[in-house]
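Per-chain residue numbering starts at 1, and chain names A, B and C are given in the order in which the chains are listed.
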């Protein structure tokens, strides 16, 4: 893509004030901002805090599981810890993560707009997130909730003695935060693209966020009303889901999973969008099969709504319904496989950099493949009977969510960090962290596949002694993984003050975001862009050394 | 003079992220439609729970439904349809720049909406006195007490959620009154009224489904 | 493979190896694709590494459709093939054979209570003879639990208010974990025990040492009288009599039942149980809704006994037409019921039912 006037910039010139400093640093200008970029930064802070809270829950769980006996905390406490881990990680980290941070920052810029369609709704989304966050923290401090993040009835409606209603209110409010983001993205992508930016010239990051937003607006309201019914049932003692009062506990599962399965696609699609961008940028090549990757995102969103019953093969659901869900689950795996093949093919005859974002992208592709294959294993009814509700399932979804989604988030964060902050981070420590994350992750979760097939059920505080070795390996891996997460937290923070200043386009990538300053001005572009090319078009890439001062770091690397 | 004034007003309404008023109008309209889709899914969950429980306990549901006041329900349906008429007229008046007429029709819509809510208050208090409100004080003398309590739980959940949406709608309508009176809406700029109309019609349509499902089970003649 | 570090649990049921084979199938496919992708990535990463600053990848136009079709259709066919295989294994795992002996299980926070057909009861343990197919009909007293025996590769959620079932045919003697696999509260991880599979002689010996009592059908028959069910439904011993106040229960199990209001359902265990605790929920067409509820007056174990008794009154296939009683219901029990006694019959070695 070219803009009308191309001026090679090295860094933000003093006259062009960036969005970071332009409106002042006072708190009010941040807390009442309507700038999508500032809201993205606010979200980075919020979700990072909640990520570490959720990770603390995981750490305590894994410490308890070092020994077969329940000897570190009481059983009740353990149940609250794994619930905390699930609720925080799913609702307060994974669902918002990429859309609310990278999406908020980049969607307007990538399409050449000045902001999202509804900036005030965007800010409201962040406030709703934090109100929900305060409520869930309050619930935790008062003692927490012990139902698991899945709130199965009648345990959650009738038997649990924990702060179920308060937690549900928090999740309910958080749902609206999510809906506002999705609504904003849909309208923005439809109505605010720059001149010349047709649908099939959009970056795949945008396609991914569009598909994600479709899922958000269709699915989230259903879980909202379902959890609201649980809260009402719990408070009033009515019988929608409790059979002792005439209700149906399997109805809860259907309503819950109708959202919660598509929810996992909310968590992975944005990450896949990031990977498309990373692979293109760090192979300096257009993504192979662009149309197929774009359509695959939509196909995943649509098919994702039709497979929820694969969580319920042994629940009492009829075998025939199970068969329908099983075959549809096989279908939904195909577009994901197509993406993996297309990303791999993109590397062929590329010019592949070994920068940190690419390491995360390649790690994602490998780990997502394993996660995806174990997913179709779980969708196979004969196998699921044995491994349902065991550590096999836990391993599967962590391969997708952590090996997939979080690696995509970290890769994207490292890729767009110079754009968002105007700073480069130390690449040595960044690569070390990526490797630690990859190694630590596999050590944590691969043993869990074996544990699950051996029969260790989920949510177990104490377990038979023959499972100990694998649990110890898993906890050891978790420690390494934790260090891998703490390192970026440290050096990225460090780079804000001491990092080398970034040029407009330090990676030499294509995309409208790289044709404005790092960081961008408040209105995103000095001149509104007009788009004349497809995405990832490197044909006009200027290779002459004299006109490449912005690739300073690359020069050092390949000198 | 009026057009110039209207054009100036319209320009003042253009938000910075949009290039033209037309783009802003299209964006906000699409936004309202997407929001209504989320509302369909929101109510949809309740409808789904209702339909499944009704299939499981049809006789109980029919028995419980019989104790709702069909007359009041039908009256409310007429009231709400009437309010959609006044709302549509308010949108028309805004489109042609007739501020005072628009104001009048908005007042009419708010009035009819308030009548609807008033009738619901009456109905709810009837249920309270008959001990048909689910919870500790629920007492059913018919043959299917469990099904009746489930029915009334869904009745209060669905009509209560609907009423909350009506209250929010009346609030938004009230916020349009002053600008309408002052002639702020014209052919060039009337989107807030039009989008409020979309929302109001949606709330009306939800009721059109609620009424037969809740009030008319098994009533044949 | 490695006895000290197993990758799979013991295969102790007739279906275990089938499940393992299915898993192995997917493992082989997964290993192939994962290795393929990993090798390609590694090879490309090295071979096409950036060699100088500012280098760009190939900008050649390529036709993508042939490859896209290939790598869409091949995985699709593999997945569909595995789907079919998976369904086949699923039905093998979940459909009990006709010779399965029925046990009744109640799950509750936080223990499993098992009733043998012979009347023997166990808690958190299950002794069964090797080689015999066993079907567990289960319900919960409180929240959702799940009955899981990894060595048998079977699992089924156990729900309050209804029955679900799981079956297995143990093929190896030994001691195998029984777990609860659906999170159910504080002591979820302690809710379990062992399934002991014994040789036929050891099993007989074990039965003889245990507490004896009436068979579950006999208990049910006794309850049927004590709770005065027979005043409306008539005593079970008289299949020919026509009841005045309530439908006959002979031939009921498995039959189609027309309900007031037009619906038709199949009379399964859940229906029979529901009719005892919530009789107004499904009133049979043509009868008055006068049956009182027994909720709170019977435990789940007693309900199981009553249901087992009603099952023993004949029926058991959906082909029995509604309303048919008399001769067909009075026929001797089929092969699957050989281990159950007739109502009121005292089996050898047991004591008669007392109050």
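Keep in mind that, in the parts below, a residue touches a chain if its C-beta (ideal position, glycine included) is under 8 Å from a C-beta of that chain, and two chains touch if they have at least 3 such contacts.
Quantities reported herein were computed from a predicted structural model and do not represent experimental measurements.
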{"item": "A-C compared against A-B, more contacting pairs", "value": "A-C"}
{"item": "Chain whose averaged C-alpha position falls nearest the assembly-wide average", "value": "A"}
{"item": "Whole-Å gap separating chain B and chain C, where each centre is the average of the chain's CA atoms", "value": "47"}
{"item": "Interchain centroid distance [CA atoms averaged], chain A/chain C, Å", "value": "38"}
{"item": "Computed distance of Cα centres, chain B from chain A, in Å", "value": "36"}
{"item": "Interface hub residues of chain B, defined as touching at least two other chains", "value": "57, 146-147"}
{"item": "Residues of chain A touching at least two other chains", "value": "246"}
{"item": "Two or more partner chains touched - positions in chain C", "value": "278, 281"}
{"item": "In the complex with chain C, residue positions of chain B that touch it", "value": "57-60, 143-144, 146-147"}
{"item": "Contacting residues of chain B [partner chain A, same complex]", "value": "15-18, 23, 26-28, 30-31, 34-35, 37-39, 41-46, 48-49, 52-53, 56-57, 134-136, 146-147, 149-150, 153-154, 157"}
{"item": "Residues of chain C that touch chain A when the two form their complex", "value": "5-9, 18-19, 22-23, 26, 29-30, 33-34, 37-38, 40-41, 44-45, 48-60, 62, 64, 67-68, 71-72, 75-76, 79-80, 82-83, 85-94, 109, 142-144, 146, 148, 150-151, 153-157, 159-162, 164, 177, 179-190, 278, 281"}
{"item": "Residue numbers on chain A that touch chain C, as the complex places them", "value": "70, 75-76, 79, 146, 148, 152-155, 158-160, 243-244, 246, 249-250, 283-286, 288-289, 292, 313-316, 319, 322-323, 326-327, 330-331, 333-334, 337-338, 340-342, 344-345, 347-354, 362, 365-366, 369-370, 373-374, 376-377, 379-383, 385-386, 388-390, 450, 453-455, 457-464, 469, 508, 537-539, 541-545, 548, 551, 554-555, 557-559"}
{"item": "Residue ranges of chain C in contact with chain B within the complex", "value": "260-261, 263, 278, 280-281, 283, 289"}
